[in-house]
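Below, chain A partners chain B and then partners chain C, in two separate complexes.
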Partner chain A sequence: MFQKPKNIIIAGCGRLGSSLAGKLSQLGYHVIIIDKSEEAFRKLPDTFSGYQVVGDAANTEFLERIDIKNCFLFIATTNSDNANCLISQIAKNIYKVEKVYARLDDAEKQILIEDSEVEAIYPSLLSIEKFEKLSGITFKEDF
Partner chain B sequence: MFQKPKNIIIAGCGRLGSSLAGKLSQLGYHVIIIDKSEEAFRKLPDTFSGYQVVGDAANTEFLERIDIKNCFLFIATTNSDNANCLISQIAKNIYKVEKVYARLDDAEKQILIEDSEVEAIYPSLLSIEKFEKLSGITFKEDF
Partner chain C sequence: MKIVIAGGHSQAEFLISLFLNKKHKLTVINDDVPFCELISSTYKIPVINGDPSKEYILSEAGIDKADVLIALTPKDEDNFVICQYATKIFQVKRVICTVSNPSRVEVFKKLGLTNVLSATYMVAKYIEQTSTIENLVNTLSLEDEKVLLSEILIEETDTCINKKLLNIPLPKSTIISCIIRTDNIIIPNGQTVISAEDKLLIISTPENMPKALNVLKGREKK
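Take a look at the complex of A and B:
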């Protein structure tokens, strides 16, 4: 029987990373969340049932040790845009992870990933779009 | 001739506050952005043409000095959820500002404003919804 791919790696245990880790592990995915700081794992919700590993997600030896080759989805949500660009490209270009997402605060960083198949999530732009919807004020620029 | 209300106050000059300040002033609104730290104003884009004032947005004397009574739209985007809840309620309940928005990182803080007419913007929840759209993975909970 065909088994759906289950392994997910999340780099960076901030608000978004920890929240996604909880939700994805609740859905039955095998989640490994990594962070440079052990303290960051305190943010994980009680519902998280995966692995938490201290390490540097930009280090390929480390990524191989946590079996990145068998993960189908990778999310870069550290608190550094530059790190998220770098890490997500490593996941996509070196390890050919099927789905790769990077959280970017600064929309101008998009240029660093635009030629790759990494998909970006921009909390600030999403918030601005939400403000437009709530307030009825429309900004002309396209995001 | 009827003049549309034009005065907007933004409390907190972080990424979202500074970006909204630039966009709203470009649209012709009279924007006052306030922050406790003068350094925060460095984030303002070149397109910002309003006023930047150092002060505490939870201080009603200060808010009256910057003429909150004549503002029609108020946005609380400091880096503290508790401050954003408090400030937005001051704007809504004491000064009856027509449209009031609060940025909240922690969705559980909603309980602090749910009986008021303040509308919340949740960057983390918006990012999770975006992840769901991009990845095709759906979380069952309602946000």
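Take a look at the complex of A and C:
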């Protein structure tokens, strides 16, 4: 009766969104990827076996139609930080999705989502960490 | 009052001239260079060119000292982020978010914004209010919605047809102020008989107006 929700929703089929979608569906997860334009789905790898839906991820009616209530993991990877902020808060605060991740290019926007249990992925900070590892130069934290 | 206007073109310009006339202090943020040039050459107000959804642009505009922020950019998600910054980080007292997609009004409110406006949403609410009864041609609210003036068209099937006004049990605080019959204006008294195709101008309170319309149009059946 109480089957655990198994869906993963990825909003935004860019490079990150499409490759995550491919890898996750290869592992057997049920993945739904959404994007505003049909064209974007051409980036999806052959390994992807989930659903691709054209729509606006900030539209609650649309999210309900693709069954967000049955989703346990939500990733906001559109090309707009502001959209990712909004979409991830909708997923977390309105639909109480268990795990919500948002990709933010601008690390300053963290303060907007830190109290909402949305976890952010910062490509810029990750690149800095990688640089530290590669170069052996470490940056001390500012605080 | 210090007001910050973020984004927008024609709406922003309209608000600027409106608020300047009322002696408010204004700051404008816009990412469009020609618009910024136009505003700074027309009005003597600080104009900041940049993306208003960035924290440093907002603090450059002195938003921490603002009483009101209005977000007018064409993208709803940008307005959302601007308003969240203003509310959460800068504690601006009144934050007004405009949206182009009317369904966002409820969503943004659920996510903690208090004032969310959409032109389409307001039109829809207006239609909802006025079209609950057929043939309600027009409703005007006066004195902050304490008084309503409604115009209705009487049809042959309505209950008040061929009745004298004194025999129609209108609710209290309600009068039929005027009857428009073809081209004549009749100021009615108790002896006036209502006939089909009459247009009535009714003055009432918001609570009594629906009752008055029920009595006249005959929708008391439950």
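Just so we're on the same page, the second predicted complex is superposed on the first by the 136 of 143 C-alpha atoms of A that agree within 3 Å, B and C clash if a C-alpha of one lies under 4 Å from a C-alpha of the other, contacts with A are read in each partner's own complex, and residues count from 1 in each chain.
One rule holds in what follows: a residue touches a chain if its C-beta (ideal position, glycine included) is under 8 Å from a C-beta of that chain, and two chains touch if they have at least 3 such contacts.
Bear in mind the structure is a predicted one, so any value in this text is a computation, not a measurement.
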Given the alignment on chain A, is it a clash or a fit between chain B and chain C? fit
Thinking of the overlay built on chain A, is A:Ala91 touched by chain B (first), by chain C (second), by both, or by neither? neither
According to the stated criteria, A:Glu108 is in contact with first (chain B), second (chain C), both, or neither; which is it? second
Between chain B and chain C, pick out the one touching the greater number of residues of chain A. B
One more residue to check, A:Ser80. First (chain B), second (chain C), both or neither? second
Between chain B and chain C, whom does A:Ala21 touch in the aligned arrangement: first, second, both, or neither? neither
Just checking: does A:Phe131 make contact with chain B only, chain C only, both, or neither of them? Give me first, second, both or neither. first
Shortest Cα gap between chain B and chain C in the overlay, whole Å, is 11
Common interface residues of chain A with chain B and chain C? 106
Can you check the complex and tell me which residues of chain A touch chain C? 58-61, 80-83, 85-87, 89-90, 93-94, 106, 108-109, 111-112, 115
Chain A partner, complex, touching residues on chain B are 15-16, 19-20, 23-24, 27, 73, 75, 99, 101, 103, 105-106, 119, 121, 123-124, 126-128, 130-131, 134-135, 137, 139, 141
Contact footprint of chain A on chain C as seen in their complex: 53-56, 75-78, 80-81, 84-85, 88-89, 101, 103-104, 107, 110-111
